[in-house]
Amino acid sequence: MARVELVNVSKRYGDVIIVPGADLEIKDNEFIVFVGPSGCGKSTILRMIAGLEPISGGEIHIGDRVVNNVSPKSRNVAMVFQNYALYPHMTVRDNMGFSLKMAKRSKSEIDEAVNRAAEVLELGQLLDRKPSELSGGQRQRVAMGRAIVRQPDVFLFDEPLSNLDAQLRTQMRRELKKLHMKLATTTIYVTHDQIEAMTLASRIVILKDGEIQQVGTPVEVFEKPANVFVAQFIGNPPMNILEGIFETSGGSPVVRAGGSVFPVPEGRVPDLAGGAPVLVGLRPDSIKMGENVERLPKEWWCRGEVVVSEILGGQSLLEIVVDDNELIAEVEGRIEAQPGETVPIGFEFDRMVLFDPETTKAIS
Amino acid sequence: MKNSLAKLLFVVAAIAVFGAFPVQAASNLSGDLEIFSWWAGDEGPALEALIDIYKKENPNVKVINATVTGGSGVNAKSVLKTRMLGGNPPDSFQVHAGQELIGTWVKADRMEDLTPIFKANGWMEAFPKGLIKLIGTDKGIWSVPVNIHRSNVMWFIPANLKKWGIEAPRTWGEFFAVADGLKAKGIVPLALAQNWTANHLWESVALASLGADKWDALWAGDLAFDSPEGVKVWELFGKVLKYTNTDAPSLSWQQATDMVVDGRAAFNIMGDWAAGYMNTTKKLAPGTGFGWSASPDTTGAFMFLADSFCLPKGAPHRDNAVAWLEVLGSREGSDTFNPIKGSISARLDSDLSKYNAYGQSAATDFGKDHIVGSLAHGVTANEGFMNDFASVMEMFLKSKNAQAAAKAAQQIAVKNGIAK
Amino acid sequence: MREVSRDRIKAFITLLPSVVLIGVFVYGFIGNTVWISMTDWRGGAALSENPVKNFIGMQNYVELFSGFLDGRFRQDLVNAVYYSVLLLVGAVGIGMFIAILLDRKPRGEDFLRTVFLYPMSLSFIVTGTIWRWLLAPQGGVNLLPTYLGGKALDFQWLSSMKTVLLFDWQNLFPILLYLAAFVLILLGLGKLRRDPSRAFKHYLVPGVVLGAVVWLFGDLLPRALFMEEEHGFNLATLGIILATIWQYSGYTMALYLAGFNGISQDLMDAARLDGASDFDYYMHVAIPMLKPITISAVIILSHISLKMFDLIFAMTGPDNAATGHPALDMYLTTFRANDFAKGAAIAIVLFLVAGTFIIPYLVTSYRQRRNAR
């Protein structure tokens, strides 16, 4: 149990810069998820924390120590790998007890620790099997068991669920969450799957090209993305982004985008002169249809033409054209609209996000 | 078999009818003649000279000179076995005269008796009686010897002996008398090489210990190997071995000779191909540059080995092969071949002026000495005995137990049909 | 159904030629050799057109193992054991060690790999000739200390007559029984941790009892020979073993290096995080994981050591009994001494020894494949 802090940590291979310099503070017992597209440097940062990859600059603190020059085994971290990395020639019991054996613990101590971990993970029946005799989910559990046995200060997970099928992934995700609640250990989890990030994390770290884009709770990064990248990476379908011009004419501030005029609600009015170009971000689920429209203030109503509509069980996904602006809407209930039909819609403009078109950063 | 016997009878009849078989008839021969031997390299030119004579006499015969290289014919012998057993014998093949041929191929009834050829060419008188006895059995004569090598020769460098103030010993007693002195000077008294040269040394020692008559008796089965005389041979041999170099098993016979030439060793007992080596390769003149004598206690005995050619049953070009054997046995052929090869002629009437000093001395001894056969080179014993004897020798070199070695030698002699 | 049976017929027809050829040229000839080994086909008349062969049962084998004249064969057999054991230990150990060094990815790894692998591409005759020069008493290896200012060695690598670890063939039976007891005790100790009661019942107790019985009553066992015959480890074989190890350690290196490279980076990382040092990683993870490679290396090397012929021929010659080998003895007995029957018997003994190595291997790999299915 320990906090982890990265101070301007960088990684270069020759002239190639993988991570230019990352600063991050992870609190004790936090469940931090690194998320980003492949090649964003999230695994590299994880491996640098583990000590498997030397750092090119900066400092890494685990607990009260600077661990830059501490070998992996002395950092007291445990890692679960994407392909489980179980020792194929050892039984489950030996796999789980290996780290303690290396630490020269007594046999009874090892047995006790292994049995306890096996109980937590319900692996009791499998202790004498070899990894090749286990299913994917079981192997994943053994890999976690191996990490638990050592009682590390920090758990590191490197895309641990991506080799499992969808159903098992959901189930394991839930188990992981329960496990974290039970063990209350600082956890750093790397994934490219934003759903895993949203469901598991106490805080999410979004990475792109080795740089941290935003750090925040799942709701924060969803509702208040720091930039266009985050806005589009988090959330599925991604946020609608429209080009527009900010205007203050007529007293109330509006954004003119294509033929539409969107009122900017109070609290969201940017500190900009009239006529400044902006990008408008609207979450697909901030668009309402049917009876939900009527719950919104009238000035947030308008009409849109349906291009395509898809019904996803309890929700519907529609492509709508509003005054030449193409928008994706994710709405409650089954909306049975014909293509070409014009329907009334409403916007939750209080969830609108404005971005600077040059820096793509959010304008507060 | 019947067929070949009939052929043989026919030939014998033809010889009887036409009387003079050789030159006139030969000139009409045509077709191929395949000669199988292991004579390539240094020995190649001597063989070529013989083939030239043959070609002159038989211009229509195409000679195929099939050689398989490898010292002492190790490889040639296995190729020959394959061909003979496969029913594809060469017209004539090289073989060590004596039991190496008799014990293997004559016993297997695959050779033709050459007695008619010997008689027709007057060779019964031309070759020494002792030699004819050793290359034949009571059923016939089996090969035509082309050369004679002597096994029991001791080699030394006269200048070196003078320097050390000693003379070549004539008996083993004399040898032991000088050997300790040499050893004290750091000189190896007797140079020895890898295993077969130990066998070679053994036969000279045995001949010294037993004498020529008992040596003959040994191989005739009249004297047991484990008799008191037989045990004495091993005892003497063990004593001699104490004066040899310790690294012997890793040396070739040439390297052992080099030790003598370089003055690292005083003496070496080796066959007279050593004379050719010292003369040609080391550029030493026989008599002055290097010297020789019969190995200790064997003066008056000539332990020989001979290369010979023979006639397998079913030879595809039998007439051509017979003509080939006649060239080999002739005085002209013999005196052409041997000076080049560095050996002496098996014939008693050879032209000594064609040979060097060593050859002349050896030829003189050959004419007057008691001729005995060599064991190490296949005259007196068959291949089975020779192979087993190598094991007995190994055992002795390791244990130095004369009694056990003599017993073992007797056992293998019984097993291989030499002793009764 | 018809489809299936037609498939079967096709398969049968396709396989038929190789089944027939292997049947005749492998098993047929093995059978023929067994038959010859039970006859008296030898001696002068052995090469005649229709040699006489009389059935004499196991006599050739009895002679090989207890006949006075076949001491050489027995020494050769002992040599073969030492050749095998030392070649295995040497080539596997050194090959593994070099592979570990190269697995650390030193500079010039590619080049070094080729250097170490190169000896394997030489023929035994070439290797033998090179090493005969290197091991000459006054040259090569013996001169090495002089470059460091020391005195030249005078060890006779190929011609030493010294023998160590002597045992008396007369006592063959007690020795074999001691060996069995030793193996049982060893196995028992190995299993002690897992299953103590079974280990005691099946291995330890019988092993100790057997050892004690032989020790107490060993004199009652029949003697294999009527006289003492000492065999042991001839020091002259060291040179040959050295050359063989030189030739084959590159091969085991290549096997292990390929194996090491096949271990995923994650597994290595996992071991490092679990607290394994480099030594621990190889000792507990990498090498145990490559057990199949070790097994095939052992099988391949042991059958090579059973076929040793040309190297010995080139290095110490056919008649140096101290360095002899059954394969060489077989050749000389058969083709030089014309003793076809005994040569065949030696061949069959070699065949059976090779079988004891390979059959268990085939059985386990067959079982594994069936289990995997």
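Letters A, B and C name the chains as they come in the text, with residue numbers starting at 1 for each one.
Criterion: contacts are C-beta pairs under 8 Å (C-beta built on N, C-alpha and C of every residue); 3 or more make two chains touch, one makes a residue touch a chain.
Since the structure is predicted, the reported quantities are computational estimates derived from the model, not experimental observations.
K.L.:
Which number of steps is the smallest that gets you from subunit A over to subunit B via touching chains?
P.N.:
Graph distance in the chain contact network comes out at 2.
K.L.:
Any chance you could check whether B-C or A-C wins on number of contacting C-beta pairs?
P.N.:
B-C
K.L.:
With centres defined from CA atoms, tell me which chain sits nearest the overall protein centre.
P.N.:
Per-chain C-alpha centroids compared to the overall one single out C.
K.L.:
If I average the CA coordinates per chain, which chain comes out farthest from subunit C?
P.N.:
Centroid comparison gives A as the farthest chain from subunit C.
K.L.:
Which whole number of Å gives the spacing of the CA centres of subunit A and subunit B?
P.N.:
That pair's centroid distance is 96 Å.
K.L.:
Need the CA-centroid distance for the pair subunit B / subunit C, whole Å please.
P.N.:
Whole-Å distance between the two chain centres: 40.
K.L.:
Distance from the CA centroid of subunit A to that of subunit C, rounded to the nearest Å?
P.N.:
60
K.L.:
Pull out every residue in subunit A that's touching 2 or more other chains.
P.N.:
Residue numbers touching two or more other chains: none in subunit A.
K.L.:
Which residues of subunit C touch subunit A once you look at their complex with the stated criterion?
P.N.:
264, 266-267, 269-276, 280, 284-285, 288-289, 291
K.L.:
List the residues on subunit C that touch subunit B in their complex, please.
P.N.:
Result: residues 42-49, 51, 68-69, 71-72, 132, 136-138, 156, 158-159, 161, 316-317, 319-322, 332-333, 335-339 of subunit C touch subunit B.
K.L.:
Hey, which residues of subunit A end up touching subunit C in the complex?
P.N.:
So the residues of subunit A touching subunit C come out as 47, 50-52, 71-73, 77-79, 81-83, 85, 87-90, 98-99, 101-103, 146, 150.
K.L.:
In the complex formed with subunit C, which residues of subunit B make contact?
P.N.:
1, 77-78, 81, 84-85, 103-110, 194-196, 246-250, 382-384, 386-388, 390-391, 393-395, 397-398, 408, 411-412, 415-417
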